[in-house]
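In the part that follows, the structures are each spelled out as C-alpha cells.
Shared between the two complexes below is chain A, which has chain B as its partner in the first and chain C in the second.
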Partner chain A sequence: MRAEIDSGSWLAAPSSGGILPLMGLAAACLALVGLWGELQPSQWMMGLFAPEASDPRQMAFHHALLPRIFIAPIAGAILGLAGVILQQVLRNPLADPTTLGISAGAHGALVAATLFAPMLLDFGRETIALCGGIVAMACVFAAAGGRRFSPLSVILAGLLVSLFFGAGASALVVLNHDYLTELFIWQSGSLLQSGWGNTAKLAIVLIAGAAATALLARVLSVLDIEESGARSLGVPLAAVQGAALLLALLLSTAVVASLGVLGFVGLAAPALARRSGARTFQQRLVRSPLYGAAILSLTDQIAQILPLAQEIPTGVATAVMGALLLLGLSGRASAKADLPAPPPVHFDAGHRSAFLACLIGIILAAVLGAIFMGRDHGGWHWSSIQELSALWLWRVPRIAASFAAGSMLGVAGVLMQRLTGNPMAAPEILGISAGASIGLIVLLLIAPAVDAGWTILAASMGGTLALAGVLLVGMRSSFAPQRLVLTGVSIATLCSGLAALAMTSGDPRLGGLVSWMAGSTHRVTPSGAALALTLAAILLLVAPLTARWLDILPLGSGIARGLGLGLGKSRLSVLLIAAIATTGATLIVGPLTFIGLMAPHLGRLLGFRRVMPQLIATSLIGGALMVLADWIARIVIFPWQLPTGIVATLLAGPFVLNLLRRARR
Partner chain B sequence: METAVRQVLSAGSSGLTRRAFAALALAGAALPADTARADAARRVRIAALDWSGAEALLALGVAPVAVADSAGYRRQFAHAPLPSSAADLGGRWQPNLELLASLKPDLLIVSSERGPDEALELRIAPRLAMSLHGTGLSPLAAAEAALRRVASAVRREAAAEAVIVEAARVFDGIAKSLAASIRPGLIVAVLEPDGRHVTVHAKGGLIGETMERCGIRNAWTRPTASIWGFSRIGIERLAEAPEARIVFVDQGPRTRRALRLLAASTLWQSLPQVAAGRVARIPDLFPFGGLPTAVRLARELDSIVARGVVHAG
Partner chain C sequence: MQSLRPLSAADPASDVAPLFELDGLGFSVPGRTLLGSLSLTLPARRCVGVIGHNGSGKSTLLKILARQQPASAGTVRFEGKALGDWSDRGFARKVAYLPQQPPPATGMLVRELVALGRYPWHGALGRLRQGDRDKVAEAMALTDVERFADRLVDTLSGGERQRVWLAMLVAQDTGCLLLDEPISALDLSHQLETLGLVQRLSRERGLSVVAVLHDVNMAARFCDEIIALHSGDVITRGAVAAIMTRDELLRIYGVEMEILAHPRNGQRLAFAR
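Here is the complex of A and B:
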C-alpha cells in the first residue's frame, strides 16, 4: 500500500535562489514600521533597555511589541525544527505537528485541564500539553503502524486523531459555554505578548532543542540511506528515532502550551527548505528552522496590518496558509499506484443470512429502545404505548432522522472507500461537511437573524462549492484518490481555521453554531425526518447502479481502464452520489461523525463484501449506530443533551483507530 | 407601589438583594387594578429558554416554571433570583424539548436568534421571542420593548411600566449627580484567562448603552468589531485611555486565573490605571441581559465612579 507523494517533482525541486532573505526582510520591515508607529526611533534604545514605567508607549514597546517580534521567529524556528525532525524520522514529507495530531492532542489536554483541574495549569501548561501530544501521537502511530505507513495514510490517521480530540474538546465546551471563547482563543494561536516570559521560555526551548538535535543529527542523517543499510552501520536506530520523536514532541507541545495552535509552520518550513535546494538532511536541518522563523514572522506581521476591526489570530492565518500549501502539494502529488482494497476478511457465506437476521434484530432493538426508553426527573423510564402519544414527537423524528443520516453516511462511506481504494476514506474527507460548516459560519457572520431555510441553503451552498473545488482540483487527475484526499484535508483545515476565527468574536449566536457543528438532532421536525428518510431511500436505490464500477475501481486504474471503464465519468458519478448523501447527513448530524468511516468496515467484517450486500448492510449498520448515538446523547446527562454527532464520533473513534491498526497487519 | 419599587431598585450598590427583589415582585402583584389579573398570571406556566426572558418575568413578579441552563442563569443574574422550583431545561442551545413538553407550559420565551427551532417549539406552546438585538433599536430601547411584550403576555403591563419608570429614574439620577462633576471614564472589560487579552465593551452593546444613558463616560471609544459592542484586544492597548478606571467583570474561576497571570505581568502592572490603583470589579453579569441587568450595572458603575469623582465646585 503505497501512496507516495512524489518527492522528485516539487518538494525537492531546487528553485532559483532562496526566498528566505526576502521573507525575512519583509517581516523585518513590517516589524520596524510597527515599532515606529508606537515610538519615535530616538526613544528605541530607551524603550528596549530601560522603559520609563510611567510612559505607556514605552511600556507597550518593551513588553508587548518587542516580545511579539522576537517570539514569532523563535516559535517559528521551533516548529520548523520539529517539522524537519518528524519528516526525517517518519520519512514523510507531510509530517508536521498539526498533521500528526500532536497539536490537537496538546490542545485537547489543555481544554480538559482548564475545565476539570485548573490547578494543574499553574504547575505547567507545558507538561499537560506534552501529555496530550504524546497520547495523540501514540494513537496515530498505533493506527498508522509507524514509519512504514505511507505518507498519505499517516496524514489520514493524523486527521482522524485530530478530529477525535477536537470532538472531545467540543463536547466539553458544549457543556461549558462560558469557556467557549477560551477554547477557540487557544485553537487560533495568538502571538500577542504581555511580557518577556514566554519569549524567554521558548528561547530556552529552542536552544536546548537545537543542542539535542545536534547530538542526534549524524545518526538521523543516516536515515537518508535505506534502513537496512543504516542498521548495518551499527547505528542504534530505534533508540535514536524514539529520542528524536520525543524531542519533536517536546518542541511542538511547548509552542502549543505558550501560544496555542499554530498549524502547518512545521509542514511549510521543511518544504520551502527543500525547494530552496537543501538536499541533505544537514542542510534541511539548518534551513528549516530559518524558514520557520521567516514564515511565522511574516504571517504574524501581515495578520497585524490587515485592515480589519478585529485582528486575525496568527494561528488562523497559518491554518489558511497550510490549507493552500496542502492544496499545492495535492496538485503535484503523483499517484504512483492506486491503493488496493484492504485485505479480505473471509466469512463463511452460509452465515450471511444469519448475520443479516441478527443485524436487523439489533437495529429493531436499538430503535425500540430509543423510542421507549427515556429519563425523567424520577429516573429511568420505559414508556407505555399510551404515554408515547405525548412523547413520539420528541423521539421518533430525531430517531428517524438519525437513522437516515447514519444510513446515508454509511452509503457515502462505501462509495468513498471503494472509489479511493483506501480503507480510511470517509465522507468527511470530501470536504463537503467542512464546506457546509463554512457556509453556515459565513451566514451567521453576515446575517443578523437566521432561520431554518437559510441554514439549509447556506450549508448546501457551502457544501456544493467545496465539492466543486474538490472536483476542479481532481479533474486534472481523473479524480485520482490521493488528490481527493489531500484536497479534502485542506478544506477541512480551512474550515477549522474559519470556525476558530468566528468563535473568537464572542458573538452570542455562535452557541447555536457550535451546537449545530457538533451535530444536534433535537430540532428535527416530523416533516424533516420524513424528507431525510426519503432521501436516504432514494440514495440506497441509486447507489447500486454504480455497483459494477465499484467492483472494478478498487482494483486499480490500470485494470479499470483495461476493462473499458471511463475513469473520469465513473468516478464523477460515484462522487456525486456520495456528495449528496454527505450533504444530507451533514445537515442533520453536523459535519463530523466517523460513522461513514466505521459502518462500511463493520459491514465487511460481517461478511458483506460484494457491493450490493455491503451497501445494504452498511446503511443499516450506519443507521443503527447513529440511533444508538442519538439515544445516548439524549439521556446520558439528562436534562442536558449532548450533540448526537459528538457522541457518534466518540463512540466510533476508538473503533476507527483500532481498524487502522488492524488494516496494517 | 412606587415606594416599594424604589426601595427595591435602590437596594444597595452591590446589586438587588433577594429580599428586595421579592418585594419588587410583591409590589407588582399588589397593584389593585392588577390583582385579579395577577391571580390569573400566577397560574400561567411559562418556560424561559432565554435568560433575559426569565429576568423580565421575575422583574414582573412571575416565576418561570423552567429555565434553560438554570445554573448558568443563577451565576449571572444574582439580582433576579430564580425560585428553586424552576426546572432546568439543559443547555440554552439544545434545550430538552421532551422535558419541556412534559411540563406543559402555556408560553415559551425564546431568543429571537434561535429561529430554526420554531416548528417544534410551537407544538408545545406559543412562543414569545425576546428580540434584544438586530431590531434597529438601541439595546436599552429594545430591552424596554421586550419587557413590555413579556408584560402584555402575562398581563402585567402596569408592573412593566413601574419597572421602566424606576429604571429611568435610576439612570436619570446617576446622570444628574455626575453632571456636576469632572468624572473619569471607565473601561468595562472581561479579563481573558490567558492573561494577554481583554474584551472591552464599547458603544453599541447593552453595557456601553447603559453607560451612555447614565452619563458615565466610556473611555473605550474605538469602533468595535461586532454589532454586540465589544472587541478583544491585547492588554497593552488599555494604555490608550490612561486616565480611565478599569472595571472588570468578575466571572469567577476564569477571572481569578486571569488575575493571577496579570499579577505577574510587568506590562499589566505598569499600565497607568493599574499603577494608580484605578481597577475595580463588578460581579458577573450577562452582557446580553435586559433592563434589570442594565439597572444593576448602572448602580454598580455609579458607585465606582463616585469613588473617583473630583467635584468641580
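Here is the complex of A and C:
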C-alpha cells in the first residue's frame, strides 16, 4: 500500500479569498517607497525610459532598482509554476526544486563550470544549470525509484542529493578562495541587478513556460486520479510526465542560472494556493505563479528594509521561511509508516570473527596510512620514524580528533536508529548537528571572544534543543518516521539558512564559521584531540549501559511499555548520550558528514546485529571512515587541504543514496 | 453496568477472585467518547474474550488495562491496587500485553526476542541468571518455537511470528495475558493454532487471559467467558452459551444471526442470516 502524505484539511480548507491581494499590495507599497527614496516621482518616467547618463541616481533607478522590482515577481512566478508542475507530476505536496535537489545540482554544475571550464559558459549558463539539474534529479529518482517515488523517499533522497552536491560545490569554493565571497553571495540567491538583461531573459522563460504549461495542463490534470486510472483513460503517461518534468527542470534551472538558489518558493506558492481554496489542478496552476510572484517580491522588499549592517540575500530569507513552512506541512503529514526498511541481511554467524579481523585490519591500515603516508613536492612520501618525530605533532592530533569524531557519530547513529526504530535516522538527518551549529552561531554573535568551554556548552545546548524539538513533534505521532525526518530536514534547512545569513553578513566575528561549517580538522590542538578522544571513550563506556533498552526501544512503545520499560527515562537517557556524542563530533568536523548514517549500516552489513557488537563495530568503522576522509582531505590537493567534513560527505553520500535505493518496500 | 443483568446462576465471574476491577472507567479524546463509564470486574484464571463492533472501544479498554494509555475518568485496580500505583517493572511482572500489530523485529533472532520477556525481572543492568535462561527455554518449549530459535524473526511466517511473540509473553512469566486481536492478521489454520495455544496456556498454567477478538465464533470456541462492548459500554457479558443466542448477537452486532449446533461437538456456531 502506498502511503501518501496527504495535503490535509488544513491545506485544503478554503479560506476567505486568500491573502494574495494583501501580499501583492504590501510588496507594491514597499517597492514604491524604495523608488521614492531614490528618485522624485516627477522624474520616474524619465528614469524609466531615458535615464540621464550624468545623473547617478537616475542610472541606479533605471539599471538597478527597477530591474530588481520586476525580476522578483517574474522569478517567483517561474518558481511557483515549476513547483506546481512538480507537485502534480510526482503527486507529492512537498516537491519543489529545492527539496528535489534540482537547485543544488544546477548550482553545483555552475560552480564547477565557472571554476574549471569557463569556456563552457559560452553555451549559456542556462544549459549548464539544466545539465546539473538533470543529473541531480536523475540521482534522486534512482535513489527513490525503488520505492515507487513514495513522497517521503523522494524528499529524503532530495535532501541527501542536495547535501551531496552542496558539499561538492563547497569543496570547489574552498579551493578557490579568490572567488569565495562572490560565489557565496550568488549561491545564497541575490536579486541584485545591474541592467535589464536577466529580467528580459526570465520574462521570456516565463512566457514560454506558461505557453508550454497551457498545452500540458489538461493531461496533467488527469494525474489527480491515481496512475492506473490515468493510464486507463488512455493518457500516454510516461511521455506526459517526462515532458512536464523537463519543463519544470527548464524553468527552475533558468532561475538558478540567473539568480542563484531561491529556495522553497516553489514549495510555498502551491501550498498557499491550495490554502486559498484552489482545489483543482487548473486553479492551482493559475494561482501558484501569482503566489510565487507575491512571495518573492514581498520577501525581497522586506530583505531590503531589514535594519542590518549588510543586506541579506533574498535566497537566505526564502530558505528560512521555507524551513518553517516545511515544519508546518510536515506536522500535518499523515502518520503512516512510510520510510524504507533496510534490506535484511542474513549472515552466517560463523563468519563474524573473520569479518572482525578484516575490520580491525582495515582500521589499522587507515590509521597507520594516515600517520605515515603523505605527499610532498616530489609526490607520495612514506615517512620514516625519524621524520615522524617532527611530523607527529601535526598529524597525530588531527587523526585522533577525526577518529574520535567519527566514532562518536557512529555511536550516535546507532542510538538514534534504535531509539526511533527508523533505519534512516541519523544525527545529521534529525537536525542535531544543525542545532549545534545554530547554537554556535548564536554564541559567536552575542559573545564573540569566548573560550572552548563556552563553545562546547553552546553547541551542546543547541543540539539538545534541536533534538528536544524533533522529539516533541515526534512524541505526538509516536515517533512516526517521516514526521521525524521532515522535522529534522526543516531544522537542517533553518540552520543552513541562518549560517548563510551569518556568513554573508560579512561580520568579522564569524570568520572562523565558514571553515568550521565545512569541517576542517587542521586546527585541532593536541589537547583538543585528547579531550575528544576522552569524550569518545567515555561515551563508548556509557552507551552499553543502555544496551537492553536499545534492544527493546526499536520494537515501539507498545512492547516497551508492556515489558515495563520506563519510556521517558530510557528515551531521555539515550537521547542525551546521542546529543552529547553528536555535538562533540560536530565541534570537530562540522555539521555535515554522513558518517552517523553510514557507519551503523556498515556495521549491520558486516553482521553485527546485537547492540553491543554493533556499538563497538560502528564506533570503530565511523572512526576509520573519518580518518580516511581526513587523510584524503590532507593529500588529495596537496599542498592545499580540503575540509574533512566535506570529504566525508562526498565519501558517504553515494553509499547512503544506494542504501535508500535498495531499501525494502 | 445498568444494562448488565445476571445471566445465569452460575455466573462465571462470581466463583473466582477478581483480577481487574473497573470503576466508572471512561476514555475520551477531544470530540469523541470512546469508553463511557465502565464498571466491571474481570475474573482471574479464565480466558475472557472481548467482542464488539468496530469502534466499540475493545482495543481502548485493553490498552487501558495494559497501562498503555491512561484512562480519562474512573479507576482501574489490578489485584486490589490502582494501576497508577504499580511500578513499571512491577506491573510488567504481573501483566503481559501483545499489541494488535506486533512491530517488525528487524535483525533479531527468535531466541533474543523471547529473552526480552525477562526484562521486567532483570531490568536494564541486572545480571541474566540461570533462572531467566530456564524461563526462556521453557517458554520456547511451551509455544513450540524451539526449532526457529536461531532464525531471524523477520524471516518467519505470520503464524510462526505470532507464536514467537506469545513465547516472549510467556517468558515474561506473568499471571495475566492481554492480547489485542492476536489473530487478525492470520489465516484460518494459524488462527486456530494461536488461539489453541492461548487456551492451553490458560488451562495448563492457570493464566488469566483477556483477548480482544473479532470473530464471535472464535471467541465462543476458545474463551470461557465473553464480554461484549457496544459504543463504549458493556452491553452484555456471560458464559459462551448465554451470549451465543440470536437476541444477544442482534444486540451486539445489530445483525440478524442464526445459531447452529456444530455437527460434531455440539458447540454453537453463529452466522449472518
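Here is the rule we use: the second predicted complex is superposed on the first by the 539 of 665 C-alpha atoms of A that agree within 3 Å, B and C clash if a C-alpha of one lies under 4 Å from a C-alpha of the other, contacts with A are read in each partner's own complex, and residues count from 1 in each chain.
Just so we're on the same page, a contact is a pair of C-beta atoms (placed from the backbone, for glycine too) under 8 Å apart; a residue touches a chain by one contact, two chains touch by 3 or more.
Keep in mind that this is a model prediction, so the values were computed, not measured.
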| item | value |
| --- | --- |
| Chain B versus chain C, judged by how many residues of chain A each one touches | B |
| Which of chain B and chain C A:59 touches, first, second, both or neither | first |
| Partner chain(s) touched by A:40 [first = chain B, second = chain C, both, neither] | neither |
| Touched partner set for A:610, first chain B, second chain C, both or neither | second |
| Which of chain B and chain C A:658 touches, first, second, both or neither | neither |
| First (chain B), second (chain C), both or neither touched by A:122 | first |
| Partner chain(s) touched by A:559 [first = chain B, second = chain C, both, neither] | second |
| Partner chain in contact with A:389 - chain B first, chain C second, else both or neither | neither |
| Contacts of A:522 with chain B and chain C, given as first, second, both or neither | first |
| First (chain B), second (chain C), both or neither touched by A:639 | first |
| Set of chain A residues, in rising order, touched by both chain B and chain C | none |
| In the complex, chain A residues that touch chain C | 341-342, 344-346, 421, 423, 545-546, 548-549, 551-552, 554-559, 561-566, 570, 604, 609-610 |
| Interfacial residue positions of chain B with respect to chain A in the complex | 69, 72, 87-99, 101-102, 112-120, 123, 133-134, 192-197, 199, 223-228, 230-232, 234-237, 239-240, 242, 251, 253-254, 257, 260, 264-268, 270-272, 275, 288 |
| Of all residues in chain C, those that touch chain A in their complex | 66-68, 87-93, 96-99, 102-109, 112, 116-117, 119-120, 123-125, 152, 154-155, 172 |
| Residue ranges of chain A touching chain B (in the complex, touch as defined) | 51, 53-54, 56-57, 59-60, 63-65, 114, 118, 121-122, 174-175, 177-179, 181-182, 185-186, 190, 192-195, 197, 308-310, 374, 376-377, 390-391, 393-395, 448-452, 455, 504-509, 511-512, 514-515, 520, 522-525, 634, 638-641, 643 |
